[in-house]
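The structure that follows is given in the form of structure tokens.
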Amino acid sequence: MMNHETMTATILTAKNEKGYTWEQLAESIGMSPVWTASCCYGMNTMLEDQAKGLCKTLNLGDDVAQTLQSCPHKHWDNAVPTDPLIYRIYEACMIYGDSVKDIIHEKFGDGIMSAIDYKMHVDRVEDPKGDRVVITMDGKFLPFKRW
Amino acid sequence: MMNHETMTATILTAKNEKGYTWEQLAESIGMSPVWTASCCYGMNTMLEDQAKGLCKTLNLGDDVAQTLQSCPHKHWDNAVPTDPLIYRIYEACMIYGDSVKDIIHEKFGDGIMSAIDYKMHVDRVEDPKGDRVVITMDGKFLPFKRW
Amino acid sequence: MMNHETMTATILTAKNEKGYTWEQLAESIGMSPVWTASCCYGMNTMLEDQAKGLCKTLNLGDDVAQTLQSCPHKHWDNAVPTDPLIYRIYEACMIYGDSVKDIIHEKFGDGIMSAIDYKMHVDRVEDPKGDRVVITMDGKFLPFKRW
Amino acid sequence: MMNHETMTATILTAKNEKGYTWEQLAESIGMSPVWTASCCYGMNTMLEDQAKGLCKTLNLGDDVAQTLQSCPHKHWDNAVPTDPLIYRIYEACMIYGDSVKDIIHEKFGDGIMSAIDYKMHVDRVEDPKGDRVVITMDGKFLPFKRW
Amino acid sequence: MMNHETMTATILTAKNEKGYTWEQLAESIGMSPVWTASCCYGMNTMLEDQAKGLCKTLNLGDDVAQTLQSCPHKHWDNAVPTDPLIYRIYEACMIYGDSVKDIIHEKFGDGIMSAIDYKMHVDRVEDPKGDRVVITMDGKFLPFKRW
Amino acid sequence: MMNHETMTATILTAKNEKGYTWEQLAESIGMSPVWTASCCYGMNTMLEDQAKGLCKTLNLGDDVAQTLQSCPHKHWDNAVPTDPLIYRIYEACMIYGDSVKDIIHEKFGDGIMSAIDYKMHVDRVEDPKGDRVVITMDGKFLPFKRW
Amino acid sequence: MMNHETMTATILTAKNEKGYTWEQLAESIGMSPVWTASCCYGMNTMLEDQAKGLCKTLNLGDDVAQTLQSCPHKHWDNAVPTDPLIYRIYEACMIYGDSVKDIIHEKFGDGIMSAIDYKMHVDRVEDPKGDRVVITMDGKFLPFKRW
Amino acid sequence: MMNHETMTATILTAKNEKGYTWEQLAESIGMSPVWTASCCYGMNTMLEDQAKGLCKTLNLGDDVAQTLQSCPHKHWDNAVPTDPLIYRIYEACMIYGDSVKDIIHEKFGDGIMSAIDYKMHVDRVEDPKGDRVVITMDGKFLPFKRW
Amino acid sequence: MMNHETMTATILTAKNEKGYTWEQLAESIGMSPVWTASCCYGMNTMLEDQAKGLCKTLNLGDDVAQTLQSCPHKHWDNAVPTDPLIYRIYEACMIYGDSVKDIIHEKFGDGIMSAIDYKMHVDRVEDPKGDRVVITMDGKFLPFKRW
Amino acid sequence: MMNHETMTATILTAKNEKGYTWEQLAESIGMSPVWTASCCYGMNTMLEDQAKGLCKTLNLGDDVAQTLQSCPHKHWDNAVPTDPLIYRIYEACMIYGDSVKDIIHEKFGDGIMSAIDYKMHVDRVEDPKGDRVVITMDGKFLPFKRW
């Protein structure tokens, strides 16, 4: 079976050569851009139809489609991200962590926002003072079980 | 001058005794809950009116109001958060980091979402399968300067 | 409000002086031992009745009961535990991590065992070759959402 | 001699191509799934019969069988696991570590649960609110020697 | 697409063989030396004209020019730099960090110097006691938004 | 002798109460703001006249003046700074480190910019698109000795 | 209950004032020196008779005796020890780790030396070229269970 | 010259194919097993006769013998070992470190056990309750020089 | 017994008040400055006469003299030193480590420079181009034992 | 251009085959052994004559000579060295760091020993009790600038 690193590299090369955006690829399989990209980066798994659809769009073989369906070991190298774009999101998470935590507890009680039953969107919002990036994290509230 | 750790402890005790939520405190000074909480956690600074208004609501002295206006050295102890609620946000940031990065570059070009010209909201969205936590990160796009 | 460190120390001292086990304390409020201990260690929150019941059993004041109900910032100091008993559990988690992961994926598909909708039990099982510690981790399966 | 990384990759490829689950492979040699998988991941060693049996099932050569019998240097790269499924187990180990420790001491005295004389099982338990993952850690109690 | 590591190696080899300095290369595309070098090190992206101009000067192919235009994942291996020259800059940043922070707050209010809307220059200033390296960091002030 | 932590706290309190800026304090002793602040933060030492002058301005005792003249053990807690303002300077140092290094070598040969025979200034430069922070690092070039 | 840090400090002070060696203290309760010291450092627990005997010898109260019997959370601060004496033992463990591992596997099969059913002795062996420290680690062999 | 990684792999393969134990290899050159293994793992150097003798036994070439005589840069990747067998030795070193240190000081004065003028043995000691691994660390005492 | 932190603080205060240098203190007990200072920093132990002599010079009590004679647990907080002066020594150790190692092996064979049977001196050497710091590390060569 | 890793390997192989010591190689170009070795390890740069001279002695090509003249990015992998010989130097640096710092300040004032205008020598000094390694660090004193 093709490993996930090779799968990612193969997809990115094909995507780049054909000039697709993640939005276009996502649309071709009826899913959202962040999720579609995350599968290609080996951070999520597609269903058979989705994997085959994506490979058809990109003209890739069945080995890519199979790896897209197999559960990856999700990992990252740096506990603190270095890329400036990703670091800013990390920083916001650390700066506002306790504030967000308190407010979730006030609105829901003791529990968390799921990162599994979870959706994420990135939007461009026009603004005369400079357009804005709006990232939406949308996860099911999970209350801590008492037993 | 009161240091920021004492300021945070003083505010949290008063907030708890009087039974205010961050939403109520924020409303009392006409600001948003996440930002208001972040100031009280020593992660942002208030203007004079805001600081005095908050201290009036909580019946706190001028020393608290002054520290709320002075720029804190923002820091956190653990590069990887341990609290499950904050870890889930961190995890989402790491799992979806490259996907979000690609999509921002496709929508805006090379640059980042500012964590300074930045707003953040936490909402509860009702859902029959379980209510959802929706966190919105909203930052100005900043293109890398070429010089 | 009493902070969680003081709460833990107060409860442990009272528990020790009165000679209760976690099993007895848990029974007094109709809950399980691991969960009851975890609340007292500042890793979970009790409902009002549970907190008051525990404090009555231990003859502790209302400030303890209130802190038992407030959401703690859960943290630990060492990413790798040093205590031999806890290290053995960590080691098993690392040695068998990929094996357990594969088997969960084979039985359930892509997803995780929740650590929030989660129960944990510790039992002593008699064995002529030496009694055995049996730890049961019991968490709801959460499939990764596709969106 | 084939090294353990190559052995693991060879077995995973064969297992995937033939479509076996760990449960089926384990059954073919009369052992349990977690243990069988752990040997293939280079975290345990098989006896000669077990190794040959597994290689026969998967149609693999004698070099694989020999490496399955040789003691591996067990290692992992990240002290804190990043994969969400494995992290949740790690998190439970850290959140409930002191609670589990206390209860073991109350039930057995000073000592540990062995991670060597140790068995581990993963089960799927049906539940109308969502099926549950049940992981059982079963290790011999070892009292600290006094000398 | 050529990856950024190969791109950097290819450019450095060509630059070395032809004997160009960064200043000369920068001049050939009408930009500044630090920025030009940073693009070649995979830390910034060029516009099409700049990338093609640089490749023409160095007699490099279109694949290099394309990678110069694609957004890199910016990363570094050591959180604390080991090279003595870079360490000295890091050391100055840590030794004078709080002093610089205070003065920026006194001159501008709460906010930061942008590292995105940012320019950097390196100059040699003659001095009879030994010539001096003058590094200028020039970034837009960004005030923390209050919301 | 007063230790450096107490010295810093004493000076910051007095500075705050009297409402001085670092620029004003620096001017009172005929030195520059960054250097003056760095002495007060325990990162540099003053000569006797400077220390006494500063203490006179702030109405502080001789014990403060003496500690200002004694060589501190310079240290910081986090290898990677968390404060957003200081992190941005760190990030620029890491993103542009190799570029700056190459250019210094091209202009001077093998060596470093001294962080000891070193001056640093912070300026506010007006700009219609947003005023800019300009930080100047100015250190003597030190060539590596060959022996 | 007295915590373990206070217990250790109390015992060390008394031991020092009365001029006892660990060997003498160990003899007074019929145990060995390393184990006796380890209990006093909060790394092992004594039985009631041993604890009371030690406290009688050192003229210490019942609170010390009780803490000596309660299971400590064993921890150390530095993953790599800095003290030269302890570092040398750590270094030997790392330099000879794989060699010792191989030889144990050759003599016993796959398994480990227990650190729980474990004894340790320190002896002085006279030698004309310089007396030698002989440390004996003596642990039960535990074979990995196959299940 | 053959590097030490290749040397180790070459020796281990030959040792495995010919079915030698470290004890047998050590005997063939009149040395001890731990030391012989440590040379083959690149942690010590042999004299010419020893290196040639070992290579003759294993039927290996002169390049292996030469590398066995050259001083390696001794290194290990993980400051905290992950292999359970080696971790147990590490754990014992950390749990009993201060106890062993005190006893050595009481028996010898201020100094250390040398890890250079050092011998190490591994023995199997029969025991009806389970055979025991006995590791002997035997190093010259080195008193701290006073000058 | 006075602990070593208090001992160090007490000595440094007395030394400062009386205006002694380490050279003068060392001379008063007939020892060298680096060693004398290291004892006072809790990194070495004095003999009774030396400890009493130093305390007499500084007019300190017997408790200081006793702690000066007791073996300290030597430790440091930062694996990489931050103080610029100490960092430069660390840097030289890392930059020239392999070179020094090779040359020692060429001059002595396989072994090390002892850090225990070790002396260290700091000298000021006049030089018209700027006086020089000369640090001499002088340790007994210890050959690796073969056994 | 040949990279520095290849350059180092090429030189070490040639040096080994021809049987030169660093002392002999250094003499052949009229420089010192530590510096000559450091250039070959990619930690310093040679002038053209030195590089060509060394390559002539070792019969190496012009590509090696060119890389010897180009400024390397100096780096090391482990912040704390593991090789026993290098660790001992590191340990001495950490154990005696504050003592050396104080004495330099007493002899020179506030400043550092340069690691750039720096020379280092390794000598063998005969001693009837065992020959000694003497390492001399000789760096220009650099006073902290006041500005």
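General remarks:
A, B, C, D, E, F, G, H, I and J are the chain letters, set down in written order, and residue numbers restart from 1 in every chain.
Operating definition for what follows: a residue touches a chain if its C-beta (ideal position, glycine included) is under 8 Å from a C-beta of that chain, and two chains touch if they have at least 3 such contacts.
In this text, all values refer to a predicted model and were calculated from it rather than measured experimentally.
The minimal number of chain-to-chain contact steps leading from chain A to chain H is 2.
For the self-contact between chain B and chain D, the two sides draw on mostly identical residue numbers; the shared fraction is above half. The copies chain H and chain I differ by a rotation of 180 degrees on their C-alpha atoms, rounded to the nearest 5.
Note on chain placement: the centre of chain A and the centre of chain C lie 31 Å apart, centres being C-alpha means. Chain centres here are Cα averages; for chain E and chain G they lie 55 Å apart.
Averaged C-alpha coordinates give centres for chain C and chain D that are 23 Å from one another. The residues of chain D that reach two or more other chains are 35, 73-74, 76, 79-80, 82-84, 91, 94-95, 98, 101-102, 111-112, 114-118, 142, listed in rising order. Applying the touch criterion to all chain pairs gives A-B, A-C, A-D, A-E, A-F, B-C, B-D, B-E, B-F, C-D, C-G, C-H, D-G, D-H, E-F, E-I, E-J, F-I, F-J, G-H, G-I, G-J, H-I, H-J, I-J.
On the side of chain D, the complex with chain G involves touching residues 31-32, 35, 44-47, 50, 71, 73, 98, 101-102, 105, 110-112, 114, 116-119, 142-147.
Within the complex, the chain H residues that touch chain G are 21-23, 33-34, 37-38, 41, 43, 74, 76, 79-81, 83-86, 88-104, 106-108, 111-115, 117-118, 120, 122, 124-125, 127, 129-142.
Of all the residues in chain F, the ones that touch chain B in their complex are 12-13, 16-17, 78, 80, 82-84.
Taken in their complex, chain I has these residues touching chain G: 1, 70, 73-76, 79, 115-116. The touching residues of chain B, when paired with chain D in their complex, are 80, 82, 84, 87, 91, 94-95.
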